[in-house]
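Next up: some structures, all given as C-alpha cells.
Shared between the two complexes below is chain A, which pairs with chain B and chain C, respectively.
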Partner chain A sequence: MTATGASLTRPVVRKTPRTGIYGRQGSAGWLFVSPAVVILGVFLLLPILMALFVSFTAWNGQGSPFTSTVPMAGGDNYTNLFAKDGLTRLDFMTSIRNNLYYVLLVVPLQTVIALSLALVVNQRLLKGKSFFRTAFFFPSVTSSVAISVVFLFIFLNGGAVNAVLGFFGIQGPQWFQDSRGLLHVILGGLGLVNNDSPPAALTGHTAFGLSYWDWLAGPSVAMCAIIALVVWTTSGTFMLMFLSALQNLPTELDEASLLDGASRRQHLRYVTLPMLKPTLFLVLTLGLIGTWQVFDQVYVMSQGNPAKTTLTPAFLSYRTAFYDFNYGSGAAISFILFLIIITLTLLQRYIMRDRDDRRPLWRRLSKGGAR
Partner chain B sequence: MTAVTQPQLDVAVAHSVPRQRDGGGREPSLPPSVYGSPARRLATRIGGYAVLAFFAILFIYPFVIQLANAFKTEQDAAANPLSPIPSPLSTASIERIFVGTGFPTWLANSVLITVLVTLGRVFFDSLAGYALARLRFRGRRVLFGTVLGMMSVPGVVLLIPKFLVLKQLGLYNSYAGLIIPVFIDAAGIFIMKQSFESVSVDIEEAARIDGAGIFRTYWSVVLPTMRPALITLTILSFQATWNEFPHTLVAVQSPQYFTLPRGLADLVSGSLGAGTQYPLKLGAALLATIPVAVLFFVFQRYFVRGANEGGSKG
Partner chain C sequence: MKRPLPRLRVAILGTILALTATACGSSFNDNGNQQSAGKADLQILIGSSGDAETTAVKTAAASWASSTGNTATVTPAQDIGQQLGQAFAGGTPPDVFYVDASRFADYAKVGALEPYADKVKGGVNDFYPSLRATFTYQNKLYCIPKDFSTLTLQINNDLWTQAKLTDADIPTNWDQLTAAATKLKAAGITPLVIGDTRDRIGAFMVENGGWILSKDGATVTADSPQNLAALQYVQGLLKGGLAVYPKQVDAGWGGEAFGKGKVAMATEGNWIKGAMQHDYPNIKYKVVAMPAGPSGTKGTLSFTQCWGISSKTKFKDQAINFVEAMTTAQQQLAFTKAFGVMPSRISAKDGYLQQFPNDKPFIDSADFAQGPVNAPKMDSVLSDFDSQLQGLANGDPKAILTRLQTNATTALKG
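Moving on to the complex of A and B:
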C-alpha cells in the first residue's frame, strides 16, 4: 500500500470528458484516506508483523527486540505450547480447557436468554416494551471494569448472591476462592466419583500434558461467577439483534399461521424460529468469536486464580509477557489465539455470504461454495 | 439485514400444521380471537410480565446494590450487602474517592482522551469513509478489503504487538501512546462508508459542477446531511474510548496517565485490593459509569442503531 496510485491514475482521468467533476480524485482519495492508512498501518499491521518476529525470539523485554543480541528461539515458543512437557504447556492447555468450558456455557446461555427475552418483549399484547428493552440493554454499554467491580462485591463470600442463596437455605460457595470444577462437584455430589481419590483410568492418562481427569473438570466455581457476569452483560446486545429481526418479519405470516389454527408453540417452532435462522446464526458466531477474547473480567476479578482455573489464553499471553517477561512465548500464545479467532471469523463470513443457500454446511464447504 | 429467506417455504410449513383442538369452532375471519380465549390471553400476558419482571430485577438490581452500597459504611456494606437502603447513610466513601485516591487524575485523563479520540475518529473516519464510498482512486477496493480485515482483528491479541510498537516509537507511557493508536478505527470507517453510500450522489455532483472543490463538497455539502450517522459514530466512539481498558494497560505505566478503567482496575487488584473498602470501590465504579449512562438514556436509539450495525458488519 503506497501512494503511487495517485500519480498513475491522474493522466488517465484527465483524458476522460468527465475531468470537470471527477478530476484530481485520485490524489484527493489518497489524501483523504492517508491518516487512516498511517494510523492503522503503524498501530495495527506493523505491530502484528513485529510480534510475529518476537514470537520466534526469546526477548525478555530489555532494550529493543530487533537487535542481534536478542537470542533467537526458532519455533520453540510454539512447540513448547503443544509438544514439550513442562509448565508452559500445562498452563497453556489449562487455559484452553478453561476457555472451552467458558464458551460451552456462555454461548448457549446468552443466546437462549437473548432470544427468549426478545420473544417476550416483542409480544404485541405487552405494554412497557421500551422500559424492558432499556433495562436489558443497559448493562452492555457500561464499562467492563466498573461492572466487574460490582460483581466482585456481589460474589463476595458474605455477598449478595450468597445472601439470596441463604434465603433459600443453600450454603453458597466461596466463589473466587473455589477452584473445584463444576463437573467434579456434580459427579462427586451424585456419589459417582470420589474427588479425593479420582478414578485411576482418568488420572493415569494424559492428553497434551493434562490428565483426562483435569480435562473433564468443567468450569471452576470461580469461572462460573465470571460466566454469570458475561452472560448478564452480553445478553442485552444480542436481544436487540433478535428484536430487530423479529420486527422485520412480515406480519402477514403470523396472521396466516394463526388463522390456520397453529398453537403458540407450533407458531414459534415452524414459523418464527425458521425465519430467525440468519440472526440466530449471527448471534451464535459473534458469541463464539467474542468468548475467545475474554480478558478485562479475568484481569479485574481473578487474575487467572484460583489454581489457574480462570486463566484464559488471552490473559495467559498477557501474563507470560508482562509478569514473567517472556515476550516470545506470550506473543506465540496470542498468535495461536489469533488463529482460533480468525478461523471462526472466516467461517462466519463464508457461511453468512451463502446464507440463502440451503444445502448442508459440509456440502457447501466441500463443493467450494459453488451453487 | 434482511431476515426473509424464502418465505413461501415457511408458509407452506405453517399450512401443513394440523388444525387445533381448541380452535375447532372458531371463525377464521375474526382476528382478535386468533390470539386465544380471553382467559388464555390474560394468562399469557401475566406470564409474559412475570418473566420480564424477573429479568428486569436481575438486570437492574446489581446497579441498585452498587448505588446503595456506595453510600453505606463499611460495616453496613459487609453485613447487609443486599439491602437497597444504606443505614446509616454515609458519604465518607464518596469523599474519600476524591481526596484519598487518584480518582481526580483518572477523571481528567479520561475526559481529555475521550474528547480528543472522539473528535479524531469522527473527522478522520468520515473522511476515509467518504473517500472509500465516493472518490475513484486506484487501490480503493484493496484498501476497503484491508479495512474489513482489520475490523476482525481481535483487540486482545494486539496487546503485546501494541506494546512493542509504542516502545519502539518512544510513545510508551505518554498521552500520545494513549491517544494516537486508537485515534482512527476501522469499524468507524466502515460505518461511515456504508452511510455515505446510502445517500444520493446527485447533490454532490451538482455542487461539483458549480465549482466546489472535493474537500468543500465533502465538508459543506455532504457532511451536513449525515447527522444521524455522525451522531452514532460520536456516541460509539465516546463509549468505546471512555470504557477502553486493555489498551491503557500496555500503553502507560505511571499513575499520572491512568484513565478511569485503568485506575479502577488498579484500585481493585492493586495495593488497595485486599477485600475491604467496597463502598469506596463501588462508588468509584459508579462515578465512572455515570457519563455513559447519561449518554445512553438521552441517545438510546443511536446505541440501538450502533448495536445492530455492529452485528450486520460480519
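Moving on to the complex of A and C:
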C-alpha cells in the first residue's frame, strides 16, 4: 500500500519523507471518495459497459449475456442501423427524423417560454407572485404519465381542444390518428405541393433509406400534441432556473443601466441576457438532453403510432429490446442516442463559449455587445 | 491541477470492477430447470381482459391449489409483453403465463417456453387443429391453447330493414357483400366498418386463399396474386364509401361504431358481445360468418392465447398439472360463462352452444380460421404493414405487399 501511496503523490512531494504533514493525504483522499467511486462504478459505469458489450452481441434475453454461448454480432447491430437497407434502418431513421423535429420545436419554445415566464414573475410590481410561480411550476412536479393521460382526453376528436377550435369555426384534426407531417400540411395548404402526388425530385431520392420527401415531413400532427404537452410541462422547471438566476443578478447593474438611459428592451438585451448566459447554457443543455430522450409521453400516449410518426429512438430501443428480443440492436440504438446527445452538447458548448476573441457571429455583428 | 491516475491504481480499480462484473454476470445465470419435489409455489402472470377474467382465474387457481396442496399466486399484468420480456431477461420469469399467439414464436425461438404439450394427460387431440398449429414452432407443439375467438360479420337489424334488405340479402360472398353495401349506401347508411389492421383486413386475404405466410410458415407469400386481389377488393370498398375505418366515423374500434349505430355491418370477434351487452344494449344485431371469397373459399381469422410454462420453472410437473386443470372442458365452460371466450376443446363445443346458441357462427368459424402470423421477429414487420394499411384507400396495394414481402422475408431469415 505504501508503494502505491507514494506513486500517487506529486513528484515534488515524493522526495519528502512519508512522515510529513501531507504524507497520507493521498490515501486518505482515496479512502474518503471510495464509497462514491464504488457506487458510481457499480451502478453507473458498470451497467454502461455491460450494455456496450451487449450492443456487440446478438443476445436474445435468455440467461446471462456474458457467457461463451451468446453469439457475437461484431459491429452488425450498428451497421444495420446505418448501412443495411431494411426495416431496422427504416425504423431507426424514421425515429431520428421524428425526434429531430421534436427537438427543433421543443427546445427553443420551452426556453423562450420559460424565460418569459421568469421575467414576468420576477417583476416587483406583480401581485400574487407566489400564486403564478406555483401555477407555472405545478406541471413540472406532476407525474408525466398522469399529465399524458389528461392530454389524451384533451386531444380526443371530440375533446376540449377541438371544441375550442370548433368555437372559432375551425375543424380540428384527429390529433392522435393524424400522421400527416406539419410541413407537408403547410406546403399542401399553400398549394406549393400536391400531397397525393409529391414531387418526384423528392420522392425519387433517398438518404439512409428514407426519401427526401419523408425527411422533410416535419413533425406529424400527433407529434405536435406531444410537443405541446412537453413544452407546457418543462417550461415550469426551466422558469425556476431562470428565476433563481434573475434573483441573483446584482441590482447595481440594473440601476446603472437605468441611469444610462437604457430602454427596457436594451436593458434586457444588453444587461440581463448576457448575465443569464450560464443559466441559458444549462437550460439549453438540459433541454437538449431531455428532448432526445423522450420516452414516457410516447409510451403512454401513442406507442409510436400513427404510422410511426411519434416513434423516437428511446422508445424504439425499448421496443427492439423488450418486444423483439433484439437486445443487441436495442443497446446499439441507445448508444447512438448517447453519441448524438454528447455531440450536440459539445457543439452547443463550443457555440456558446465565452471570453475569447472568436466570439460567435451574432455577437460580433451586434453593435456594442455585452462587453 | 490534474494528477494522472497511476497505473497500479487503475489496475486495482479495473480488477474490482471486473470482479463485480463477473459477480453481476453470474447472478444472471439460471440454476433453474431442475424439478423441485414437494409443494410448489406457482407464480402465474395473466394478461387479463378485465376484472371478470382476473376473478375467474383466481378462483380456479385457488381451487386447484387447495385440492393439490400447492400454492398459486395469480397476478394480472399491466402490459404482459413488457413484463415477460423483462422477466426473461432478468432470469426470473413467472412459472405459468399467458402467451399471445402473435408473440408466441418470439418466446419459443429464444427458448423461454417449455414444450410441455406431449406430457399433458389425455393428449392434445381434443384441441382445435388450427389452434394447435398456431402454437407449433419448428414442428413442436409448445403450449396448450387457453381459448380463442374468431372474426365474424355482425349485422344491425334495424339499419338492415331500413334499407329494405331481408335475410336473403345477408352476404355469403364478396359479390353479395358489395351488393348489400351498395343498397345500404343508397339508403344513406354507412355500410361496413373494418378495423385498419391486418387483424381485420387479413380476413379478406384468407377468404381469397391467400395469407402472409405459407401453410408451413416457412416461406413468405405476401405478394401473391390472391393477397393483391383481396387488398384491391377492400380498397374498392373503401374508395366507394362502402366500407370505412373506425376513425372515419369517430370511433376507437369497429364495435364502437357498430354499437353507436353509425354503420350497418362490422367485422369483429367475440369480444363485441360484451361491448354490445354492456355499452349498447339497445342495438339488435345478428351474427353471420364472414363472406366467402370469389372462389367460394371460406375464411376468417382466429385470435388465441396459450398457457405458457417457463423453461426455467422449478415446478414443471405441478405447472403442467395446473394447466391441465385450467383447460378441462368443464373449467373452460366456466371461463366462457365468466368472460365470454370460446373453449379451445372440440368436446366443449356442445356445452358452449347450449349456453350461447346465437354464437354458432363464431365457433363454426373455427374450422376455417387462420391464426396470427406465428414466426419470430415479425412484430415490427407486421406493425409496419399495419401502418401501410392505414393508408390503403389512397395507397398502392401492390407496393404495400411488396414491402411486406421484402421485410417479412428478411425477418424470417434472421
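Heads up, the rule we're going with is that the second predicted complex is superposed on the first by the 298 of 371 C-alpha atoms of A that agree within 3 Å, B and C clash if a C-alpha of one lies under 4 Å from a C-alpha of the other, contacts with A are read in each partner's own complex, and residues count from 1 in each chain.
Methods note: contacts are C-beta pairs under 8 Å (C-beta built on N, C-alpha and C of every residue); 3 or more make two chains touch, one makes a residue touch a chain.
A quick note: this is a predicted structure, and the numbers were derived from the prediction, not measured.
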Which of chain B and chain C A:D196 touches, first, second, both or neither: second
Chain B versus chain C as contact partner of A:F335, first or second or both or neither: first
Partner chain(s) touched by A:V121 [first = chain B, second = chain C, both, neither]: first
Which of chain B and chain C A:Q62 touches, first, second, both or neither: second
Broader residue contact with chain A after superposition on the shared chain, chain B or chain C: B
Which of chain B and chain C A:L280 touches, first, second, both or neither: neither
Touched partner set for A:V42, first chain B, second chain C, both or neither: both
Chain B versus chain C as contact partner of A:V150, first or second or both or neither: first
Which superposed partner A:G158 touches (first chain B, second chain C, both, neither): both
Partner chain(s) touched by A:Y327 [first = chain B, second = chain C, both, neither]: both
Footprint overlap on chain A, comparing chain B with chain C: 8, 30, 37, 42, 45-46, 50, 64-66, 158, 321-322, 327
Complex contact set, residues of chain B against chain A: 1-7, 10-11, 13-15, 17-20, 23, 26, 28, 31, 34-36, 41, 44-45, 48-49, 51-52, 55-56, 58-60, 62-63, 65-66, 69, 78-79, 81-82, 124-125, 127-128, 130-132, 135-140, 142-143, 146-147, 150, 152-165, 167-169, 180-181, 183-184, 186, 189, 205, 208-209, 214-215, 218, 239, 242-243, 245-246, 249-250, 260-262, 264-265, 268-269, 275, 278, 281-282, 284-286, 288-289, 292-293, 296-297, 300, 303-304, 307-308, 310-312, 314
List of chain C residues in touch with chain A within their complex: 3, 6, 8-9, 12-13, 16-17, 20-22, 24-26, 28-30, 81-82, 85-86, 88-89, 91, 106, 109-112, 247, 250, 377, 379-381, 384, 387, 390-391, 394, 407, 410-411
List of chain A residues in touch with chain C within their complex: 3-4, 7-8, 10, 30, 37-38, 41-42, 45-46, 49-50, 60-67, 86-87, 90-91, 157-158, 174, 177, 179, 196, 305-308, 319-327
